[in-house]
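The same chain A turns up in both complexes below, where it pairs with chain B and then with chain C.
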Partner chain A sequence: MNARVLPYVLILPVTLFLCLFFLYPFLLVSKQAFSTGSGFTLDNFREVTSYWKFPTTLRNTFLLAAAVVPVQLALALLMATMVNKMQKGRDLILYVWTIPLGISDLAAGIIWLAIFEQSGFLNSMMNGLGIVDKPVNLLTFQNPGLVFLAIALAEIWRATAIMLVILVAGIGLIPKEYYEAAEVFGASPWKRFTRITLPLLRPSLQTALVLRVILAFEIFAVVAALGGTLFPVLMGETYAYQFDLLNSGAAAAMALIILAISIGFTLIILRLLRVPKGATI
Partner chain B sequence: MTFYSKILGAASGLAIACTGMAAQAETLFWSTQAKPVEEAQAMREQVLGGFEAGVDYQPNDGGPWLTRLNAELQAGSGTIGVLGALHGDFSAMNPDDLVDLSDMGVMSASGTFNDLAKLGTDSMQYIPWMQASYIMAANKDALQYLPDGADINALTYDQLIQWAANAHEAAGEPKFGFPAGPKGLKHRFFQGYLYPSYTNGVVRTFASDEAVGAWEAFRKLWEHTNPASTNFSFMQEQLLSGDAWIVFDHTSRLAQAFNERPDDFVAFPAPAGPTGRGFMPVLAGVAIPKTAPDMDAAKSLVEYMLKPETQIATLRATNFFPVVDVALPEDLPPSVKAAGDAVAKMSGSADANPGLLPAGLGDKGGDFNRVFVDSFERIVLAGQDIRMVLDDQKGKLAAIMEETGAPCWAPDAPSEGACPVE
Partner chain C sequence: MAEIQIKNVAKTFGAYQALHDINLTIQDQEFMVLLGASGCGKTTLLRIVAGLETATTGEVWIGGRRIDHLPPKDRGIAMVFQNYAVFPHLTVFENIGFGLRMQKLPNDEVKRRVERTAELMHIEQLLKRYSGELSGGQRQRVAVARALAMEPDVILMDEPLSNLDALLRMEMRAELKGVLAESNTTAIYVTHDQVEAMSMADRISVMHQGKIVQAASPIEVYRNPAAEFVAGFIGNPPMNFLPATPSGNGKWTVGGQDMNGPVSSETLKFAIRPEDLRPSETGLKATAKVVEPLGAHLLVTCDVEGALFRAVLDSDMTVKPGDVLTLAPQTDRVRWFNPETTLAVA
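Let's look at the complex of A and B:
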């Protein structure tokens, strides 16, 4: 087959698949969001953004992303460099660290609920150590800070591994020669990290951050399990519109708002971490 | 025979087997009720086992339930034979999508229920299937803290608040339990209990001065309510664990507590306020979608569900009470006896003020509930000013009533056209 045509033929199946199962539903959802039965309208968007809880859900979602993603990035970088330095047992450690990836987010939320709830592990432990006289209620409307902390912890535990996997692969691609040269000139380990690892890791950092930030804006099950209605987020409201209020138009509008936020942040990350033209490892 | 022809043969054989199975399929009973595994199993074995043509009983959450139903209706053909759901689920549907059941010859013994089942049309769109209500329950250990002179079967809201306060003081932590979790039925308490008891209305009186008094009373009760209530959805769990001593919930969400430890708990009527003892009946029904594959089998299943024996078997399986006249046998589970007594006392009390299920709201039922849930979150959890919140939410309620044109239902005074928010 003609070498110029071959690549297009090879990506044809996946393109068709995406058109059928992504693009087409996406167009339907957009149509739903911009109509209420009588032509084009912004009523659905007006409805969801004027709801009194909307600013809270937006703020909560952003706060959570802002708190969780940087910690995960730092942790993933640290863990990736550690794994990279290992001579023995590297694979074993990697497997163990990526176990949370294999657990569904709802299950992760329930695991952490078992820790934080009134008759949970944390309470039994504090009780056993004599820190508290009797089990205390941690996840209540009176302790919004604790609810936030519990959700953030669960998210960090659950989703750091996805960044770790990408970064480990990226670090493995950096040629050893750069480090050897830097050592010859007497660069400290920290300097080697900031001057060699970080810049050469840009493409992987880009991918990891884009993936992670998009997932952070879609957070739902962990919040539902730990916070219930105490910590409303965008995705939870979308679910409520679709299934509690049976208002598909408003749910579609919420979904598009989340999509717009995700695209916005993706563009920002791509711009900030862009690889200069012509640069190669 | 080549490899391909073998595969082809196997595939066609499989296809023939599949069509053969589909032809003699059981009637699919697609339900939002009796979801917990034990209840679903009891439905299959004890209730539907006696239906000769065979039934495939599939309970599901409201969302997926509606999604599949709508998909079948839009496609114009389907596999669902019979629907089982709450009145609210049916009223959110287009009555045209349901088969007219007026000529079935079966109906409930209650005229109110039969009227509700018409969904605002002239004919029965579903057949009332089973009923329940919301009651109070308490740990017997808490009875000693009842205020002086209070009769547990004729409590007032003031006495309930005092009782909860006494229990709070004795236990050192709040022991009243309220199903305010994400799946909790808190909105029904406001619509069917608090508002009728304090304002003798739900819609008309939503932002009245009496309503402000009602929310003030509820705030007082909340001071003695376990703050983890915002995660409680089935109060039987907290009764059994001891996290709550005095609770309010749906009869079937309290049943497990009575069945596991019948001697430890007592069920009693909801309290009374200045305008009577508000309470709300719950109604589930069975209907046939217009896409049912086998109309005769579906109709005979609906008839079967209304038979007295089936109704008693359903009571045992789900803790929902019969809607037809039946003589209840003696050997019922403890939860049924306890709840049945409490409901009878509640509806038979001199000051009973029943609040009916919202009717005529169509698919705005969820929005209607949200008005009450939002008021609760803002007034009680966020501590906002009651008058300000009610005046703000009032606009949303009025918009829902105007959009749907739903007339007032008891205890609101009847209205011409849409029920006004005064």
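Let's look at the complex of A and C:
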């Protein structure tokens, strides 16, 4: 077959699949979001954004992302640097650290629920140590901070590894000679990290952050398991519109709002971590 | 003053002994070349001086100060790496100024020194560019400028020209030599290229299997190789060797001919450089096998009693394969080696 045509023929099945099962439904959802039955309208958006719970869900989602993502980034960088320095057992450690990746987010939420609930491990431990007289219900509306903390912990435990694997691959690509040159020219280990590792890791950091931030705005199952309705987030509300209120127009509008936020943050991340023009990393 | 003293330095990697008891003193402002084939330990020795590798035993002193326990930055050294290691995310300016920034020098001082060294290396018009926008030769210049900007006591170079094409290498060789001579620094230069070593060095240390076989001026290493390895490694084509049997009282039989040599009753090896042979009435009988006209001269590969033997002859001569030549060695250039110890015999 003609070598110029062949690549396009090879990607054709995937393209068709994406058009059929992604692009087409996406267009349907968009159409749904912008109509109430009688032509183009922004009514659905007006309805969801003017609902009293909307500012809370928006704030909660952002707060959670703001609390979780930086911690995950720092942890992933630390873990990737450590793994990279290891001589033996590197793969084993990497496998162990990425185990949470293999667990669904709902299962992860349930695991942490088993720790925090009234009859959970944490209560048993505190009771056993005599810190509390009888098991207390921790995840209630009286302890919003604790609910937030439990969700954040579960998210950090669950989804740090996705950043870790990307950063480990990225750090592995940085030539050793750069570190040796930096060392000879007087850079301390910390300076080598900030002046060599971080800038040269920019492409990997972009990927890891974009992926993680998008997932953070889509958080749903972990919150549902640990917070129920105590901590409403954007995705939870979308679910409620679709399945509790049977208002698919409003659900579609919520989905597009989440998409818009994700795109916005992706652009910000790409801009902040851009490689200077002319530099090749 | 930046005299370098390497005292009893040895290095092992697991069971492999990379360096055996190295002792070497490099004078202040001397240009010392470590020459050897790959795997001989020359880069390991350089990295020990740099502080990127730790010696298993031994001491390194620079300018009368023991430095082998100090981190690289406190040793007063700068280094040029084989692959340049020019940081791709920084401009040429920031690359050259990297070490100065690490020393927290004021901005105007950084600017002054970067501009001065950039001018010295003829890259002042490239200061705003990134490494990806430079050619190999320009990157090489940035790497040298970065080292010079530190105004170090000692500059260490690890095969800095090996990634350049032949013409550029020749140009940079001369330029580097000039720049370094003016900078008044002591230099250690690692290379496997004997031409580079011969043309740049004040002194060459020829290394083989983790040992320094000979440390002497280029001409001394060429004329009076201390061991068979040096004789065979330096010079292109290398020295010729023929077995020599003693016939008593300093008389020897070499290739069926009588020669004068050292007084010894043991079997020795006779050695002569290919360019120190002249066609003559009497001498070694050599059957020409391959004739290579190289323009400036004629390289003839011959057979002398079954041994490989090369002669560099005048390009005017006409020699055909199969011709029998009579080649007379220039007597003051003949050298003798002990086949047991492989060392030169006076």
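Going forward, the second predicted complex is superposed on the first by the 269 of 281 C-alpha atoms of A that agree within 3 Å, B and C clash if a C-alpha of one lies under 4 Å from a C-alpha of the other, contacts with A are read in each partner's own complex, and residues count from 1 in each chain.
Note that in this section a residue touches a chain if its C-beta (ideal position, glycine included) is under 8 Å from a C-beta of that chain, and two chains touch if they have at least 3 such contacts.
Here the structure is a predicted model, which is why all the values come from computation and not from measurement.
Trainee: Contact-wise, after the overlay, does A:Ala33 reach chain B, chain C, both or neither (first, second, both, neither)?
Mentor: neither
Trainee: So, A:Ser119: does it touch chain B (first), chain C (second), both, or neither?
Mentor: A:Ser119 contacts chain B only, not chain C.
Trainee: Considering only the touch criterion stated at the top, classify A:Val275 as touching first (chain B), second (chain C), both, or neither.
Mentor: The answer is second: A:Val275 touches chain C but not chain B.
Trainee: A:Ala224 in the overlay: touching chain B, chain C, both, or neither? Say first, second, both or neither.
Mentor: first
Trainee: So, A:Glu180: does it touch chain B (first), chain C (second), both, or neither?
Mentor: second
Trainee: First (chain B), second (chain C), both or neither: which does A:Ile196 touch?
Mentor: A:Ile196: touches chain C, not chain B.
Trainee: Just chain B (first), just chain C (second), both, or neither: which does A:Phe141 touch?
Mentor: In the superposed model, A:Phe141 contacts chain B only, not chain C.
Trainee: Determine, under the contact definition given at the top, whether A:Ala250 touches first (chain B), second (chain C), both, or neither.
Mentor: neither
Trainee: Kindly list the residues of chain A that each of chain B and chain C touches, one partner per complex.
Mentor: none
Trainee: Can you name the residues of chain A that touch chain C in the complex?
Mentor: It is residues 175, 177-178, 180-187, 191, 196, 199-200, 202, 275-276, 278-281 of chain A that touch chain C.
Trainee: Provide the residue numbers of chain C that touch chain A in the complex, in ascending order.
Mentor: 50-52, 71-73, 77-79, 81-83, 85, 87-90, 98-99, 102-103, 129-133, 146, 150
Trainee: So in the complex, the part of chain A that touches chain B is made up of which residues?
Mentor: 52-53, 117-119, 134, 137, 139-142, 224, 228-230, 242-247
Trainee: Sort out for me which residues of chain B touch chain A in the complex.
Mentor: Where chain B meets chain A, its residues are 61-63, 66, 92, 173, 180-182, 226-228, 230-231, 241, 243, 363, 366-367, 369-370, 374, 377-378, 381, 392.
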